[in-house]
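So, here come the structures, one by one.
In what comes next, chain A is part of two complexes: it sits with chain B in the first one and with chain C in the second one.
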Partner chain A sequence: MHRFRFVLWRPLQLLPVLFGISVITFVLIRSIPGDPARLLLGTRATPTALAKIRAQYGLDEPLWTQYLYFLQNLSQGEMGRSIVFKIGVLDLMANRILPTVLLVVGSVILSLLITVPLASLAARNRGRTVDHAIRLVSTAGLGLPAFWLGIMLIILLSVNLGLFPVAGFGDTWLDRLHHMVLPCLTVALALSAVLTRNLRASMIAEMASDQATAARARGLPERVIFRRHVLPNSLVPTINLLAVNIGWLIGGSVVVETVFSLPGLGQLLVRGIFARDYMVVQAIAMAFAVATVLINFLADVLTVAIDPRIRL
Partner chain B sequence: MSDALLEVQGLTVMSGRGSVVEDVGFAVAQGQVLGLVGESGSGKTVTCRAVIGLLPSGSLAITAGSVRLRGQELVGLDALAMGRVRGRRIGMIFQNPSSHLDPVMRIGDQIGLAVRHHLGLSRREARAHGIELLRQVGIPDPAARIDNYPHELSGGMRQRAMIATALACDPQLVIADEPTTALDVTIQAQILRLLLDLRDKRGLAILIITHDLGVVAQTCDRIAVMYAGRIAEQGDKRRVLSSPHHPYTAALIRCQPASGGGQGLLPTIPGQPPLVGAMPPGCRFHPRCSRAQPRCREVVPPLEAKGDGREAACLYPIEAPVLEFGR
Partner chain C sequence: MSVALARPRLRTPGLPVPLVLGVLLVGAWAVLAVGAPWLAPYDPIAQDMAAKLQPPSAAHWLGTDNFGRDILSRVIWGARIDLQIGFLGVIFPFLIGTCIGAISGYAGGIVDNVFMRLVDIVLAFPFLVLMIAIIAVLGPGLASFYIAMALVGWVSYARLIRAQVLVLKHADFVLAAKSLDFGHGRILFRHILPNALTGSIVFAMSDAVLVILNGAAISYLGLGVQPPIAEWGLMIAEGQGFITTAWWITTFPGLAIVVLAFGFSLLADGLGELLGVRE
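Right after this comes the complex of A and B.
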């Protein structure tokens, strides 16, 4: 299995990426106007109180010293303390990570469940009404913002039909999954709009390919050719497109979590930004960066598993 | 030719702009190798795709003629019935093994899919069958190669694997569309020898499509020369190559490197083959023919028997042997 050897050294590439991300987020969040101490204590806080808070979080030190502290913390597996919540950032994130993970994983699974059958249907009925309908819907889907789609789904499926909860997360696992359906569907629909068009196009190209013609010359029925030859060959570009879109998906979780009041990392990030809770924003930005890189890595592994020619 | 395995008569294939193949007829007997020869665009590939029922749907269609395999008419068969002929009774070898084998499927599975579908073998039986096939087409260490992906094989081995997929269900006829064009010269000879071996061992009929008279000289028993969608001349290979009746055949032979004696520029046929939809009236070759007479512009020459089992479509055929070929 030497073609999977890249699995060993590829994670090392993560290090420079993380370093870059840490610098960027560190500088960016601090260049937004606004003072965390002032936001925390309000406009009537005394200068001594403000100074005390600043000293407590090291905000009175020069920027580069703060960054070194940040790196030092990081090397010890610490991310600092939240200014607003007054607890360790990692504990804070641990409480919030589940809805976001469920949202991302659920959306990806759901989007594939939508994309593969729809694209197959469109490709195999190219030029017919089904194909036009699927293309029309997916084009429309490209233009719809996720928050609008989410709100429409809430109105239709939750308010009118009462099928799913309007918002929130729930306590038992079953309840949580029930709460996750609409948010995942919202993201999956938006994602499928992109993926379906791409997959349909590569399926059509594969159906006209030399190797599909050769399979026909072997007398295989069209459905076997589609399942065994066309589908595997056309999935590779779509998986890569999906991986590219994961970054967008993770960023989009901020909006979707807000619409559905999901207590996830995206929502925490928004609050962190408004409160200039530097430690929280840094940590979540880093976490999102790591997740994006890891998911792309996973897509690479999957690509190599499907297409033996690919060497990474 | 009632004992013919494959008999094509009056085959006409139309595209939106005109006929791509017109009134083509030939026959292949069991154990025989027929070479279908012509330039690019002469309609030889379309002819063989029409035989196996794989014309690109929508753009090309058979409008007349018949294709009989052991007396069974194939033109007009529904998809299901044609699926039982393709792969099962007619195998096809394509020009480019690199693009005609599925890059993400193991060789064994590509053979296995067909035999499991047509012969109903189990997975295990199909694998054993595949190993045996790979051995027959001369792939060393077949038990290991069967788990290789196409890109892990060399070009020649890939073409052997493709031949194995074509032979998987023991067909009576194999159509080989430019089987050696994508290979280098030393491998070409090996592949052609393999095809002849298989013909001898299995009693296969082989239809080879090629533009290379060298390939024809090495392998074929009979030869049919196509020009602009029509058969110009056909007959026994030796007779056709040594004393062609049709000026086009003669010109093709003159263009072969071997006949120039290795000195000076190779002769070429002036002009271009006509395009579909812009065919010249009369004989389609007359604008490029050195022997053309005024009547060639008006009369479509019928394919006429010229004795000794040969047919040529020329109003003013060459009668005397003019050159020698294949020393």
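Right after this comes the complex of A and C.
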């Protein structure tokens, strides 16, 4: 199993990146103009109360000491309190994580369900009208703003046809899934444009590969060659592309959550900025960055597991 | 001293079709943007409460919004802002990324290491999330958007240029330049860089698509262009409250984004084909 040895040392390589993420978010939040103590207590706070808060949060100490406090708190799972919701940031995030996870996972699954048939159709009819049509649509799809696409789907499917709720998140699981269909479809359609172009290209490359030619020489029908040899091999680069695009996917979900008023982390982030709820902004930005790093790592593990030729 | 490079001979005499279409689409928007004061039938900001929420008609081709403002005029004026977003949002990251990538690749060693770790860290953040966090610090507005774009967007260009420079710095023409005792600055910026730029120029075209989408998304969230200025993303946000009664307010600015972005996508594909660059 020495192929998987990187699983042990790669996390060590990730440590500097995680350190950098914490420095950047810390510096960003501390460079916001205004006194955090005043922000916590409001404009009518007395000087003694302000001084007390400054001492309590270590705001009267040099910046690097404050950063060490920040790291210490972080290691104890303490990320500060939301000044809007009056609860710990971690508890707040735990309440809001479900819609975001459902949105990201749901749109990845949906986008694969859209991409694989479309790319196969285009690759197997290369140069014909179907191929040109799919390429044209996916090129145009690259420029689709997700938030606009979401509103168009709302107008079409919710307002006119009444198939799905316009916004929000349900209470029962069935209701929630019903609420998630349109947001997931929105992100999935935008994502499919990127994936289809890529998957079509790698399918065409695989169809000309030696093993496909060998299978043809053995007299296997083209349909079987495609399903058994071309499809699995061409999916590997697409999975990598998905992982590379996870940052894009999270960014897209931030916007789409706002469009559909989904009570997820992205909506919390955007509202946190307008409410100047900086502890929340800091924690969510960090959580998204750490999630991106971890998912990319998992994708590497998955790639090695799928394709025995790949060494990392 | 000049280095004679064999020009790639084009197999077909004409230009690639996507390139021509892309130039036409982007060019058409540029003409609309420049000619907005003469081409737009109405003032994009003037309110006319007598004509509010009107569907598309002969007087207002694309209808009016809740303040009675003509959507067509606002879309035409919006082209100015969105084209500017596409241009400035690409050019700053391009220049910064090119310089950092070139120096990083040419110098190597510790300089290279420091810059590339920085690239790793910036890339770890979801692009839009880091943009939003930076704009939170700077305060909403288009200027903040450009600064955030420059701070975040340079990494892709730095990576591309660095990879090219790493290959080219061992090329024969660089050895020739070194043997003539040229300075490092001259070798890097006059000899290596011009040969390393092709890939990132093509990438800049497809990057323009992402930048325009991001700019519109930031404005949609209320963090970019502020009302009453006509900008497509902001227009979509303003129309969202009226989707049950006035679909045209959100539909047409979105279509404008799609068409402009499509133009840049075609431009990128066509230019890549012309210059023989694969993404």
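One rule holds for everything that comes next: the second predicted complex is superposed on the first by the 269 of 312 C-alpha atoms of A that agree within 3 Å, B and C clash if a C-alpha of one lies under 4 Å from a C-alpha of the other, contacts with A are read in each partner's own complex, and residues count from 1 in each chain.
Note that contacts are C-beta pairs under 8 Å (C-beta built on N, C-alpha and C of every residue); 3 or more make two chains touch, one makes a residue touch a chain.
From a predicted model like this one, the values you see are computed outputs, not experimental measurements.
In the three-chain model built by superposing on chain A, chain B fits alongside chain C with no clash. More residues of chain A lie in touch with C than with the remaining chain of the pair chain B and chain C.
Once the two complexes are overlaid on the shared chain, A:72 sits clear of chain B and of chain C alike. Here the apex is the CA centre of chain A, and the angle it makes with the centres of chain B and chain C after alignment on chain A is 80°, in steps of 10. When both complexes are overlaid on chain A, the residue A:25 reaches chain C alone and has no touch with chain B. Look at A:233: by the touch rule set out above, it reaches chain B but stays clear of chain C. In the superposed model, A:211 makes contact with chain B only, not with chain C.
In the superposition on chain A, A:306 makes contact with chain B only, not with chain C. In the superposition on chain A, contact of A:95 is made with neither chain B nor chain C. Look at A:56: by the touch rule set out above, it reaches neither chain B nor chain C.
In the overlay built on the shared chain, the residue A:148 is in contact with chain C alone; chain B does not reach it.
Annotation: superposed on chain A, chain B and chain C show a minimal Cα-Cα gap of 16 Å.
Annotation: chain A has no residue touching chain B in one complex and chain C in the other. The part of chain B that touches chain A in the complex is made up of residues 52, 54, 79, 83-88, 91-92, 94, 96, 99-105, 109, 113-114, 117-118, 149, 151-152, 162, 165-166, 168-169. Per the touch definition, chain A reaches chain C in the complex via residues 16-17, 20-21, 24-25, 28-29, 31-32, 139-140, 142-149, 151-152, 154-155, 159, 246-252, 254-255, 258-259, 269-270, 273-274, 278, 281, 284-285, 288-289, 292-293. On the side of chain C, the complex with chain A involves touching residues 117-118, 120-121, 123-130, 132-137, 206, 209, 212-213, 216-217, 220-223, 233, 236, 240, 243-244, 247, 250-251, 253-254, 257-262, 264-266, 269.
Those residues of chain A whose C-beta lies close enough to touch chain B in the complex are 209-211, 213-222, 224, 228-229, 232-233, 306-309.
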